[in-house]
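Structures follow.
One chain, chain A, links the two complexes that follow: it is found with chain B in the first and with chain C in the second.
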Partner chain A sequence: MTVGWELVALQIFNGFTMALAYTLVALGLSTTMGLLGIVNFAHGALYMMGGYFTYILASSMGFGTGLACATSLCALLGIILFLCIYKPLETRSPIQVLVALIGVLLIFEQLVRDFLGAEPKMLQIPFYLSGPIVFNLLGSKISFSKYYLFITVVSSVILILVYCLFHRTNIGIRGLASIQNKEVASLLGVDLTKVGIIIFVLGSILAGIGGGLLGPVFSIYPTVGGEILGFIFVIVIVGGVGSLIGTFFASLLFCLIRSIGCIFLSPNYVEIIAYCILIAIIAFKPRGLLGREKVLD
Partner chain B sequence: MLTFSPKLIIYILIFATLLFTPLFAGDYLVHLVTSSFILGILALAYDLLYGHMGIVSLGHSVFYGIAAYTLGMLSVTIFNIKNPIITFVAAMTAGAMLGLLIGYVSTFAKGIYSLLITFAFAHIFYLLVMSNPGGITEGENGITQVRPPPLYIGNFTLNLFKGAGLYYLTFAILIVSCILLKAIIESQLGDVFRGIKENENRLLALGFNVRQYKIFAFVISGIFSGIAGYLMACLENIVTPEMVSWTTGAQTLLIVVLGGPSSLLGPIIGSFLINIVRFYISSLMGGGTWVYVLGGLYILTMLFLPQGLWKYVERVLVSLGIK
Partner chain C sequence: MSNILLEVNDIYTYYGPSCVIRGLSLYVKNKEIVALLGRNGNGKTTTLRSIMSLNPPKRGSIWFDGKNITGLPPHKCARLGLSLCLEGRGIFPGLSVMENLRVPVCSDNQKELLKQVFEIFPELESRKNQRAGSLSGGEQQMLAIARSLMMKPKLLLLDEPMEGLAPMICKRLISKLREINMKGVTILFSSSTAKHALDICDRVYIIEKGKIVAEYSKKEMEEKSSEILQKYLGVVR
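Now for the complex of A and B:
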C-alpha cells in the first residue's frame, strides 16, 4: 500500500495538535499529582465540565467568549473542589482521597446526565474557524483543518504562558519548588495552602480549556471525563510526574504513535501497541522519561 | 479454635438467613444476592493483594473478564464445549496464567508505576476484546447465550448454573474463599504478606524474595477472580467487554475500600452494599439517583469512616461488649 507523504505530513501535524491539547490537560493533572500527591480523578470531571460549559455558553456568547467563561467557571469549580474535598482529606492516604474523588467524578457524570441528557453533544465550530486551509507544499496540495490550527495556536500560547508562570514569576517558582520538595519548600517559607490552591485552580483551568477546545473534536458526553483520564494518566506518568517538559514529550510520543499508526493499522491495534510501549517504558524506566526522583513513592 | 461467643451467633444467624433465602425469596432477590456473592468473591480476591499486601491493582478486570470470555469462547463462539467442568477448569487456568503474566510484569516496578502497568494491561485486553479478532469475542455486544448445562447424576438433574442452584454454588465458593483467605492470612505466608505491606525493603534485607511472593499472590488472586468472572457469566448469561475494562477493576477497588479492606467480611459487605444501592435505590427513586447515593457514599465514607464500614461495625460491636 503506497502512502503519500502528504498523508503522513498531515497526520504528523494532527498528532502534534492533539499532543498540545492533551498536554494542557495532562499538565493540570501532573502538577496536582506532584504537589498534592493525589491521583485526581476529578480532573476528568473538570475536563468534561469545560466541554459542557462551553457548549452551553457558546450558543449565547459565541465560541471564543464561551470558552473563556467556561474556563472561569471551571476555575471556580476547582476552588470548591479543593476546599470541600481535598482540604478535609489532606492527611488521609492517597487511596482514600482517590476514592472520594472518584465519587466526585461519578456525581458530576450523573448530574450532567440528569440535567443535560446522556446523548453526545456536538459542539459547533464557529464558521470563521471551520473548513480547511490549503497549502501548496513541494508541489502537492495539503489541506489542514483550520480548527486544528486554532487548537495548535491556542495551546502553544497557553503552554508558553504556563511555562513562564512556573519559571519566571515568584509564585510559579514557589509552586515548582513545592512540587519538587514539599517539606523543604515550606521550611523556606512557602505557604503551601496558597500554592496548593493556585496549582489546583491552574489545573482546573487547563482541564476546562482542554475540554472546550477538544469538544468539537470528540463531542461531549457524560463519560468523556473518565475516558480521557486513562490516557492523560498515562501521559503524566510516562512524562514524569511534576515535569512540565516531560509531560509534553510523553504527550507528543503517544499522540504521534496514534496518529501515524492509524494510517497503517486500525485504531484499536494502534492503541494496544501504544500501551505495550507504555508497559515497556514503565517496567524499565519507572520514573518516566524525565521524572523527578522522589515524587510518588 | 472456635470459641462460643456472641459474634459467632451473629455469624451463624447471617449464615442461616443466607442459606434459606432462596426458599422464601423471589427470583429477583435470589439473582441480586447471587450477584453480590460473586462480587464478594472478586472483592476478596482483590483484597488479598490490596488489603493484605498493600498492592493496588487495576488489572483484576482482566482475570475476571477474560475468564468469562474463556467460557464464552469455549462454549459459544469458537468451540461448542459445554461441559461445565472443562470450562470451569479452563476459566481457572486462564485466571492463573493471566495472574502470572500481570504479576510478573507489574512487579518490575513499584507503587503507582506498578498500578499503571496493571491499568495498561486492563486497557490492552479491553481493546483486544473490543476489536473482535477473527470474530471470537463478538466485540462490543459481547457473547450471549452463555449457559452451562445442568449436571445429570443418575436420575437427577442438578442445575448448578441457574437460579437457586447457582445461588448455592456461589455461596459455597464464597465460603471456601473465606476459609482459604483466612488460612493464608493466619499462616506464615500471611506473615510474609503483612511484612510486604508494612515494610517491603526490610523483608528484602532479611532475604525474602519479595517479588516471588507478590507474583504468587497475583496468581491466587487471578484464580479466584477468574472463578468470579465465570460465575458472573453464568448468572447474567452474557459476557461483555465492560467486564474487562479498567472501570470494573476500579469498582472492585471501591467496593473493598468502602467495605473495609484487610478483613473477611469487609469486601463482602462492600459488594452487597453496591448491589443494594444500585438495584433498590434505582427502583425506589428512579433512574440515576443511585449514582448520587453511591458517589456521596464514597465521599462521606472517606471523610468520616476512612477505614471502611466493617472496621467501624466491629468497633461498635466491641464497644457494645460483643467480642
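Now for the complex of A and C:
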C-alpha cells in the first residue's frame, strides 16, 4: 500500500487540531481536579451541556454567538455546582464528594434524555466555516477543513489566554497556589471560596467551549460527557496533573497516534495501540510526561 | 496592658476526640521575639495552628490587636496582620520565586513591598525566576518568610523555622529575623531545640503536654539556661 505524503500531512494537521481541542477540555478537568483532589465527574456533564447549549442557541442566534452564550451558561452552571455541591461537601470525605459528582453527571444525562431525547444531534457547521481551504505545499495541493482551522485558532488563543491568566495575573497565581496547597494559600490571605469559584468557572468555560467546538465534529448525545471523561482523564494523568504543557503533549501524542494510525490500521486497533503506549508512559513516568512537579507550567 | 499584640486565653484544641492543647494561655507584646519551646508532640505546632484557626480551639479565646479572632477563617486572620510559616516551609514548589511572592494578599503596593523584601533577602532577587522547588532548604525557608512579609504582618508566627537547616544557615536566618524584628514586626516562633532560639528571643514559653508549664525572660534564661534545658527539653547546653 502506498500512502501519499499529502494524506499524512493532512492527518498530522487533523491530529494537531484535535489535540488542541482536547487540551482545552483536559485543562479544565486538570484545574478542578487540582482543587478538589478527586476526579471531577461533573466536568463531563459540563462538556455535554456545552454541546447541547450550542446546538440549541446556534439555530437561533448563529454559531459564533451561540457558542459564546453556551460557554457563559456553562460558566453559570459551574458556579451553581461549586456553591451547591462542592462547597457544602467540602469537609466531607473525598469519596462522598466523588459520589455526589457522579450523581451530577447522571442527573444531567437523564435530564437531557428526557427533554431533548436520546438520539444523537449533529451541530451544523456555519456556511462560512464549511468546506476546505486548499494550500499549495511543496508543489502539491492539500485541502484542510476550514472548521478544523477555526478550532485550531480558537483553541490556541484560549490556551494562550489561560497561560497568561495563570502566570501574569495575581488572581491566576493565587489560583495556582490554591491548587498546589490550599492550606498555605489561605494562610497568605487567599479567599478559597472566591478562588474556587474562579477555577470552577474557568474549568466550566473550557468544558463548555470544548463541547461546543467539538459538537460539529462528533455528534452530541446524553452520554457523550461520560465517554469523553475517561479519555480526558487519561490525558490529564499522562500529561501530569496541573501541567499545561504536559497535558498538551499527552493530548498531541494520543491524537497523532489516532489520526496517523488510522491511515494504516483499523481504528479499533489504533485505539488499542494508543492506550498501550499511554499505559507504558504511566508505568515508566508515573508523574506524567514531564516527570516533575509542575502546576500549569 | 495595651502593649499586648496577641493574647491566647485558656484554649483547648482537639484532633477528633483527643485533646491536644489543654488550657494553654500566652501573650506576646508588640515588637517582642518570643519562643515556644518544647519536645516534639507537645503541641507547639497545634498552638500556632489554633491561633490561625487551621485547627480552631473548642474552648477559650484568642485576641489579636484588640480583636477577638477565635475561629476567624485563616485568610481573614492573615488580612488582619497575622502570618504563619508552617513547618516544612510550605512553599509552592511548582511556582517560581517571584510567583510565590505574588500569592499573598495585601492592600499595599506590591512593587514597593517586593523592593523592601528583596532588601532583606537579596539572594531571592537573583533567583526570582527560578522554580521554588529547586531552591536549597535554607533558601526555601527564606522564601517562606519573605512571602509572609509580603502581607506586611504585625505578627509573624514561625513553626520550627530552624528545623533541618545547617548551623551556618541558622545563623543567617537568625540575623534576618533580628532585622525583620528591628523593622517593627513581632515574632512568635516554635522550636524543639533551644540552641539558636535562646540567642534571639526576649521571652521563652515552655510547653509540655499541651500546656504552658514555664515562662522565662531573657535574663532568667541566661542565668539558668542549662537547668531549664535539661529539665524541660532533655538537653544539656
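As a working rule, the second predicted complex is superposed on the first by the 290 of 297 C-alpha atoms of A that agree within 3 Å, B and C clash if a C-alpha of one lies under 4 Å from a C-alpha of the other, contacts with A are read in each partner's own complex, and residues count from 1 in each chain.
To be clear about the criterion, contacts are C-beta pairs under 8 Å (C-beta built on N, C-alpha and C of every residue); 3 or more make two chains touch, one makes a residue touch a chain.
As the structure is a computational prediction, the values presented were derived from the model and not from experiment.
In this superposed model built on chain A, chain B and chain C occupy separate space and fit side by side. Shared-chain residue A:224: touches no atom of chain B or chain C. Touch criterion met: A:183 reaches chain C, while chain B stays clear of it.
For chain A, the partner that touches more of its residues is B, with chain B and chain C as the two candidates.
The superposition-derived angle at chain A (between chain B and chain C) is 90°, Cα centres, a multiple of 10. Once the two complexes are laid over each other on the shared chain, residue contacts for A:242 go to chain C alone; chain B is not touched. Within the superposed three-chain model, A:191 lies in touch with chain C and out of touch with chain B [touch as defined at top].
After overlaying the two complexes on the shared chain, residue contacts for A:167 are found with chain C alone; chain B is out of touch.
Applying the stated contact rule after C-alpha superposition, one finds that A:123 touches neither chain B nor chain C.
In the composite built from the two structures, the nearest CA pair linking chain B and chain C is 17 Å apart.
Residues 296 of chain A lie in contact with chain B in one complex and with chain C in the other. The touching residues of chain A, counted against chain C in their complex, run 167, 170, 173-174, 176-177, 180-181, 183-192, 242, 293-296.
Residue ranges of chain C in contact with chain A, taken from their complex: 52, 54, 73-75, 78-79, 83-84, 86, 90-95, 99-100, 102-106, 110, 133, 147-148, 150-151. Every residue of chain B that touches chain A in the complex is listed here, in rising order: 56, 105, 108-113, 116-117, 119-121, 123-124, 127-128, 130-131, 246-247, 250, 253-254, 257-258, 287-288, 291-292, 294-299, 301-303, 306.
Of all the residues in chain A, the ones that touch chain B in their complex are 39, 85, 88-89, 92-93, 95-97, 99-100, 102-107, 109-110, 113-114, 226, 230, 233-234, 237, 266, 268-269, 271-272, 275-276, 278-279, 282-284, 286, 296-297.
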